[in-house]
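Order of writing sets the labels: A, B, C and D. Residues in every chain begin at 1.
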Amino acid sequence: MSESNDPSPEGYARNPWWETSIIDMEPGVIRYFGYPIEELIGNLSFAQMIWLMLRGEIPTKGQASLLDAALMSGVDHGPQAPSIAIARMAATCGVGLNNAMATAINVLGDVHGGAGEQAVELFQNIAAAVDSGQVLEDAVRDEIAKYVAEHGKYIPGYGHRFHPIDPRAPRLMEIVGLAAEDGVVPGRVRDIAMAVEASLADKSRGKSVPMNIDGATAVIYAELDFPAPLARGLFCLSRAVGILAHAWEQQCQGGRNKGPIPRNELPVYSGPAQRPVPGDI
Amino acid sequence: MSESNDPSPEGYARNPWWETSIIDMEPGVIRYFGYPIEELIGNLSFAQMIWLMLRGEIPTKGQASLLDAALMSGVDHGPQAPSIAIARMAATCGVGLNNAMATAINVLGDVHGGAGEQAVELFQNIAAAVDSGQVLEDAVRDEIAKYVAEHGKYIPGYGHRFHPIDPRAPRLMEIVGLAAEDGVVPGRVRDIAMAVEASLADKSRGKSVPMNIDGATAVIYAELDFPAPLARGLFCLSRAVGILAHAWEQQCQGGRNKGPIPRNELPVYSGPAQRPVPGDI
Amino acid sequence: MSESNDPSPEGYARNPWWETSIIDMEPGVIRYFGYPIEELIGNLSFAQMIWLMLRGEIPTKGQASLLDAALMSGVDHGPQAPSIAIARMAATCGVGLNNAMATAINVLGDVHGGAGEQAVELFQNIAAAVDSGQVLEDAVRDEIAKYVAEHGKYIPGYGHRFHPIDPRAPRLMEIVGLAAEDGVVPGRVRDIAMAVEASLADKSRGKSVPMNIDGATAVIYAELDFPAPLARGLFCLSRAVGILAHAWEQQCQGGRNKGPIPRNELPVYSGPAQRPVPGDI
Amino acid sequence: MSESNDPSPEGYARNPWWETSIIDMEPGVIRYFGYPIEELIGNLSFAQMIWLMLRGEIPTKGQASLLDAALMSGVDHGPQAPSIAIARMAATCGVGLNNAMATAINVLGDVHGGAGEQAVELFQNIAAAVDSGQVLEDAVRDEIAKYVAEHGKYIPGYGHRFHPIDPRAPRLMEIVGLAAEDGVVPGRVRDIAMAVEASLADKSRGKSVPMNIDGATAVIYAELDFPAPLARGLFCLSRAVGILAHAWEQQCQGGRNKGPIPRNELPVYSGPAQRPVPGDI
């Protein structure tokens, strides 16, 4: 996968402190994983380019469609999501759109942006257990139990505190199903994910804990063979769109130093009562 | 453009401190600008969704193709760009991919990420001058002069310190030309941008200052009627891809606390020589 | 102010791409502006070290006391301030304390964190006008008028939407007054700032627009001869304390994905009513 | 520790979604942990205020001195540290000082900013083992072995890739020793930390792995009873000073889009050789 002795263009030196397989440049030349940029422009969609940049190869049309679906479905969940509220608040503080976007993307951490990555790992663990000879239902039950023991009761990719059924998940699963029928993806992770859903319903005595957007996009990313950490990275790209849209809408609405609640509402104070500063500090 | 008295779903209250036209939610329901998410999924590409989120309407296929081209062409310019180097350095400091992305997107400020926005403004100013009756060449010359007087010698969107000709620009302009022939866009900004290029060459006595990626994408964004600040926002979405790819590559390469230069190279020190701390501070 | 030909320690090279007067290092040696670190430790307070790092010299005790007062008085204004609310929200999203701090400091932009810098500039402009021969009252009136013409009605450093009188400002001004009496600072900026306050009251026909924390700390920073942009930098250092305290308190309180308002409150939606996705996109 | 039914000031409501013990406000009134701000100003140093904000009480002078020493000693390690280089690079990209600071503080993650927190945890684990009846030397050996098994070979707080002996550490330990003699702190963590150093030297067969700045400040924070995560938070406050100083110095030096290495040096490219884009994507 390498061209290790690429010569340096005249007047330039190659500094080995920085090394990349992604991009090669010479004056007047830009190539991504070997493809000249002027041949890519006009032939690759944005989603196809995202794939190329992360995987090093150009995806098939079917793969790109699935990636498109995953990326476009997670863009926004409104100002109750901390990332979106923070983007809007930042936009009223006198910073640029790039800063507002960075501020919001920064909070897509383990709890807010990590569920996709964690779900991919869970699905991969179940697949590995099946590969080692376990029956699917047993592997699902055991891996869920392990997950709960290590990380607590929230199973990443399942359940939603607002939506009884997350309207994005069944539609995405339908699309994955069609892609599996067409041979675009194996469909194995989809089966695992549905077995997890069944197992959770079983465990909750019929009260369903249905798959959510993080679970459904994790199925797609895992079917497409993305490493788990990139599920978070791809979610960040996706949510960046909603973050930009809300920062921009807020900027157009105006406002200065917008706080979380109306200004005539104060937080509850639960600290010590008023007291004087001692004289001898 | 509004449905001002949308009822609150049962058990929920509408809090007017937060107001948006982008997304409406009820339990089990998500709509973007009125479109139910489950109808959008599978029908809109990522680029089309970006357009919907920023413009409120679904673009035509032709518009979406142009947006795709602009977004995919600016993803990366390698580790010499501060944003990319910073993404890679951040990845070695023990933070998540979301944090590495935020760190890098944050520096896409006026100098590093603002050229597209500034170029759109320049093109719009020239268009306005022509609308007021000036001949194109005069408007171009006057607006360039005004820009230089206010902001200094760098004309946003033209010239490149590395590429004699930025290979992305002519290819993007070719695509805009085809889109104008097909009636997808008016083509007027393209003409203005080429007049700016001609004027700069003229002014530099034949030494060309050719259009760069920022200028070419600015032409597309302006042809598609995006407000100038969104040119920066869209560049942030685009560059976020390269930022993610490089942060991920660096994470896979390993390394801890990667600084800008090899560790046996020290900065030049130009401060006072060694001196003792005075006794009486 | 320089030791331009400092030799490189053995095995190390000096790379002129990076140059600094702040710190010089050799293996086993760290000096800040020439002072060996082991002589500084135990002799300089944190505020004195902040001064040394920004100014290149060790402050007098009187200067350090004033800097201490300015830094300690701006640490926090509670969760209604976007910076503090954002720090708390970030802490519930699964990111580190460093990330929560960065997220919040990032929004201390022109509107939220820039008033001190802008007030220093206003005071300096008035001082320059007086130096050019204008009477103080005229200079104040003219510079306020210029400021309003360029930036709008908010005079940086004066007025508060919550406090009729900001309790920090008079106390800080009292301390500056004592420092002026003791010869620690000239007291000239204090006189200018009080003349601005008087002029604003006059203009508002007796309704006072009293100095706020930004104005009072700007007086201190300007009396101590800090360049205007450092007024913002110092405010960031100061507010970083409240940001850390609130992020930490929130982390101890727990919570996941804390949004701006209680979860049973939805934003008002003001976009298009529900509509189908057209068939031919 | 609470005043749960504090009345709301007239015209204001208390919103329980936000709750804090740190600050209480009414129009014209600001109190931190019960202390009116106007009584604190002029009486507390910046370091004392930091303590109050994080601990809820005013420290003794001896405690404040130790905190001062820890905070002032970690401000900067020059542009080879990713945080400092990133601050400088950000300053050339057209963002505000607050944004440059946030960008840099953001990378003080587990690897770059977490060693203090990890060292406090290690010291606390050793103390707990001793409390359970183990001899100090055995507890040290066992806890180091556990740490290595879980986290790898780097012991947080010990060793430095640049300094054979970090000049900050022995001086800080001397100060802690004096504080222990004066009864300001127990001195127990200092003993543990020195036992760790001895054990590491022993293990490395005489080749010392001496305590570094992270270890020495961790001793101070642990002696002062700060919870481990605040060791990272306090390091962020400390390093923020160097970050600001370098961002400011770089801003004054000028430069646009400063990358990590001189512009005539290119990264090494190790990806696929040039190849054409296939026709059928």
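Note that a residue touches a chain if its C-beta (ideal position, glycine included) is under 8 Å from a C-beta of that chain, and two chains touch if they have at least 3 such contacts.
Just so you know, these numbers come straight off a predicted model, no measurement behind them.
Among the remaining chains, those touching subunit B as well as subunit D are A, C. Least-squares overlay of CA atoms from subunit A onto subunit D yields a rotation of 180° to the nearest 5. Ranked by how far their CA centres sit from the centre of subunit D, the chains are topped by B.
For the pair subunit C and subunit D, the fraction of shared interface numbers is greater than half, so the two copies use mostly the same residues to meet. Mean C-alpha positions place subunit B and subunit C at a centre distance of 29 Å.
Computed centre separation for the pair subunit C/subunit D is 21 angstrom, with centres defined by C-alpha atoms. In this assembly, the C-alpha centroid of subunit A lies 35 Å from the C-alpha centroid of subunit C. Along subunit A, residues 17-23, 25, 36, 40, 44, 48, 78-79, 85, 95-96, 98-99, 102-103, 106-110, 113-114, 162, 260-261, 266-267 each make contact with two or more other chains.
If touching chains are joined by edges, the resulting network of the protein chains shown connects every chain directly with every other.
For subunit D in complex with subunit C, the residues that touch the partner chain are 17-23, 25, 27-30, 32, 36-38, 40-42, 44-50, 53-54, 67-69, 71-73, 75-79, 85, 88, 96-99, 101-103, 105-110, 113-114, 162-168, 170-172, 174-175, 229-230, 232-233, 236-238, 240-242, 244-249, 251, 253, 261-262. Partner subunit B is touched in their complex by these residues of subunit C: 1-4, 6, 8-9, 11-25, 31, 33-36, 39-40, 43-44, 48, 56, 58, 60-61, 95-96, 98-99, 102-103, 106, 260-261, 264-278, 281. Contact residues of subunit A toward subunit C in the complex are 78-83, 85-86, 89-90, 92-95, 99, 102-103, 106-114, 161-162, 256-261, 263, 266-267.
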